[in-house]
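Okay, so here's the structure we're looking at.
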């Protein structure tokens, strides 16, 4: 059995998005003794060609990673109805029988992160920026901003978020998922305007923001990681991460491979949520002391509220 | 300091530029080195100043053999050369140019220009050179640039000065001043080598003369023992007649006329200033003048390569002031450019392609948007035969032809068209005597057939030999006019006019 | 000969002044009509951070009066150019005019909002560093007449080596290695164009391709597996005592990392080298008239080798900025065309080190301005602002601000004998 | 002289040994040397010998080893050849145009916009019309640099670099315009072109994954047209003349300004076609990175092809093959596709510096350069 993966342009070693998805394949390789392969996309024009070369290469399942591969995956799936596909961050409407989409209610976890950040911030200004203005990115920003709003409503505070206007749907975007230097520059920009916690939603780009926080010191700037728990995947800068909004692509990918192996694979959608652990807020690790006990308790309550449906993260 | 060249031979691949040359240069003496274009004068001197290393032979300085591993060595040995083409950096000041290569420095490699400036002043005073050490070289007239070159050599305390064709760019009056400088240097005990192919000059200034032909020394002597015809024969290898045979002068109507023509250079300076001239059919008009007085701009504006700012150009009764180059070609203006090998042809193109470089569009050679190459090749082969161009095939790259044959190729192309007016810039520059005779014959033939011919040349002798009418240009204007058919023209009067005395 | 009337010729300089005047008046109109806001807004520029030693009050600018004043200044400058055509002041007027127009634009964009001016200027300097160093590398090699398209590749090689060696040996080791690798590619460029007479532009393009290929290959083949090879320490900002506390200028020039200081020092040293030393005089002679230099015993080839290698070292240092001076990690193609912009800065700066730095600051300013504007959400699309410096470069290169003259022998190979 | 000597004069030169060395041996050595150095690079990065062998086998297999490999090679080669032809044309006319990337972008955008705007037109009209729009806009964009050069003397290297950077921003801007942006998306991505505007896939009847499309006919036509233009037409003669020696061309009455603008425009038209070829034949719409560096790779292709249309054709095929094979290499042997970039660069180094090849492989050439140069 061979599981194949096509990455998005950030590269397999991005410490976050692509790497987490690949970890799912690696886990499957370890647990089920299967083969795994990946093909990096150098440019958006490679998506289709890369999928095609994997179709040539006898893959039992092809996992494409990223919203931007949505169209190419759809095209390939239509042309090759016998080939099983799964795509991270995309759901087809109507569903395609040989494609399983993996999507995540990331805003649930981001909501928690927003609430947390609003409470921890000293300047009462937070910053956020994204890679590209696409739903899997903006869903983080939406959840984060709503979490802050929730905090403001609860505490009568006025914490503001720079970088994302939830109504006009405009904000700061690097327009790539690659440039660490952009990550640093964007974080610097937000820091200059007073933000002391920044949430970069742009895969490896965020590592650049972490480099800035490392240099300034966590008393001046903290970073919230995305996708993986960056405390572990970026060990050199682990101390700058207040927390991470994890999106357990590794778990869902492994799960998809398992269904493909024991022939329970069905097209459709697999949704990761707070409830099933598909998304979550990581621990505070080194910055645990920066988070008051009271805040931790409140977060637990909100988490339960979200799972129970009593707190709405989407209007 | 005395220098002895023994058995110097210099080859460039198959070309032998110098062969077994023996020459001695002595202090307090001007050695005149005479030879026609391409004889090997510059090559020999480049060997002496360390720029080329000789294929064979040796150089003795005061009896001691010397080997130069580059020009630096020769400079250190006291040998300095003023090159035929000036070796000055235009955007540097005089002082910077002078110190280049022998700079004095302070701490941190800091340039010490103050001391150098004082030295330039001293040299100025000693030899009466009058050069401002702080002027930018590009702003200086050529005559002064030449003095900068001399200062450069003296600054390096050279005892031997080699001057390669120093007078080519000077007016007769500037030449006189220049000779004063040379005499002052000689009297100060320097050894000088003066290179030229002008007979009168060498007879005037040299203390001793050597003549070089085809890379070999073919004659030596003292000026008092030698006459012009003798020198000319040594130089060329056969008796030379200084006469030109033309049909009697029978000019037709006015062919070309300029009215208050004014032209700017690229730098916005005025190159041609309200100039009026006419050329009739069946006459050769020669324009004399020192380089830089607007002759090149005149040719450019007449051939359409440069726009006139004011005034008109009339050709054959038609206003062509704003007409394109191509249209002027069509009307019957042929142009043999001054710099034939670089602008007259394309070295990587074949002989055939070059032969139609400005006629390919014509009905003879093209069908609609297409060039009829079969026809081009056939016609070109005919021209190659008619004009005796030595090439193995019309597909040979023009750059592989010898210099003389490249020139013939351009002449063949221009003369093979239907022409009424022939404009030629420096028509014989860089040519050997055979080719010069050939070109002169062609120009006169064109005139005898009724074409108008306009020649611009800095060689006064050539102008005087060919022209029916001589115009002198100075600072963009015609300052004097002479009718050559009305009787002998006074050469020194022309010289004065060239220097602006008549203005 | 009759007296002729004085020629009625419009010299180029007057024409030039007229064009400048026209542009300034155009800017005045644009400022008055487009930027004049309708309300009574106030633009707030924050000058210092709360943490600064000397806390300055915010700069509060009433928008409408300021913009009309700016328009008036522009109109005055323009009219003066147009009528007088003062040749000496043309470039200066243009410079002042553009600065005034940019200020008016900023006030307009900030009306009713606030942003940190100091932060923007500090970022300007930081963003300018790789461009300035690239431009300086261009100056050094083009002054000896070697066109250096390879700056991009040299920057990239410096970035890569800085990260790799920095991860193993620490920042200083990485920096030294980056400089060395830049020098190596400078040397290779010199060898290709001087010794092997390869076309200079082709050689540059090829080096860029080669470096891009090599660094991308190693980073995906090796770094992916051995993460610790791509994890270098970052040089932190060092505040210069006292000077660093000067308001606005302090953060911009004296609270930076060694790359900013290095760039400033190198620009100074290069200016001294080129225009006040023996070596510099010789280098420039080789760039202007190599044959003349040769006849004076200056080794043209060696001079070219040395200067192009030096240029490579400068570019290598600039490349290290991307990793050791910024994020500590190499990323495929991370220089993102900054070498080419450096080349433009060199031309913009008229082949002078200080000019190149000034031009780089313009690019850096545009870069950081664009980021601020993205936060301010102006109606002008940020893409157009991002384009502005490139359009400006074209205009400058096209000679509106006076034609720059490259070294006379630039791009031409020198063949001895 | 007799008629026979006239015929001698007109006898075309036989292809000599030195031409063969230049045209065949040098490129061959360049490729071999580049592959060897590529292998050394792999060795240096800890790739074992077996994997190196495997990767070169995969390179071959992925480029020509199967129908789909050939299809991928042709698909990758088509835009490179088109843009490369444009650049070659420019080089012949003495213009070093670095701006193909920007022209590809602008041409591609024009083709997309035309395609999705006139959805009602039949394929026979819409497809050529979209291609034409691409060519036209590419030409216009390129002629800006040409015009700047003519009117102000601004060097095209700098102005085309700047125009590339401007084109990227312009693209980002355009892709977010409501009229271009795909419905329901917030990221920069254009609407898709209808099937009628697409270059039809040629082998889809065999296997829907075979991507080779009608663009390859476009390529063949372009090669022929460029060849005819350069070597048979009056305009081409003018291009070449002003490229070799602009002064001489001017003296011969050619209008250098016009020629520069026309040459730039033709180059831009071909680059624009390359862009149109990508969006109409491969991608079906425009995204921010749709040019994928074609404009830069095409510089290498044009240099490698020595600015000759036939040379560009082969160079483009080689680069296409390397790209397609490189993908296979990554799948089969796990060697990064970036190795291909190294090999490509090395090939050009060796081709552009024949002196270097002669120094590295002295035994491939006749001894001594004197004979080869003074031959005739």
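General remarks:
To keep things simple, chains are lettered A, B, C and D as they appear, and every chain counts its residues starting from 1.
Note that in this section a residue touches a chain if its C-beta (ideal position, glycine included) is under 8 Å from a C-beta of that chain, and two chains touch if they have at least 3 such contacts.
For each chain, UniProt lists the protein as follows: B = Nucleoside ABC transporter ATP-binding protein; C, D = Nucleoside ABC transporter membrane protein.
Here the structure is a predicted model, which is why all the values come from computation and not from measurement.
Common neighbours of subunit B and subunit D under the contact rule above are C.
Greatest Cα centroid separation from subunit B: this falls to A.
Across all inter-chain contacts, the pair with the most C-beta pairs is C-D.
Centres computed as Cα averages put subunit B at a distance of 45 Å from subunit C. Taking each chain's centre as the average of its CA atoms, subunit A and subunit B sit 76 Å apart. One simple way to say how far apart two chains are is to compare their mean CA positions; for subunit A and subunit C this gives 37 Å. Subunit C and subunit D have centres, each the mean of its CA atoms, that are 31 Å apart.
Among the residues of subunit D, those in touch with two or more other chains are 172, 336, 338.
Residue positions of subunit C touching 2 or more other chains: 220, 332. Within subunit A, the positions touching two or more other chains are listed as 40.
Pairwise chain contacts in this structure: A-C, A-D, B-C, B-D, C-D. The touching residues of subunit D, when paired with subunit B in their complex, are 1, 5-6, 8-13, 232-235, 237, 240-241, 244-245, 247-255, 370, 374, 376. Listed in rising order, the residues of subunit C touching subunit A in the complex are 49, 115-116, 118-120, 122-123, 126-127, 220, 223-224, 227, 231, 234, 236-237, 322, 326-329, 331-332, 334, 336, 368, 371-372, 374-375, 377.
The part of subunit D that touches subunit A in the complex is made up of residues 62, 66, 68, 72, 75-76, 172, 185-188, 208-209, 211, 278, 282-283, 287-290, 292-293, 324, 327-328, 330-332, 334, 336-338. Across the complex, subunit C is touched by residues 12, 49-52, 70-73, 75, 81, 83, 86-92, 96, 99-103, 105, 108-111, 152, 260, 262, 264, 268, 270, 273-274, 309-310 of subunit B.
Listed in rising order, the residues of subunit C touching subunit B in the complex are 4, 7-9, 11-13, 272, 276-282, 284-285, 288-289, 291-299, 408, 417.
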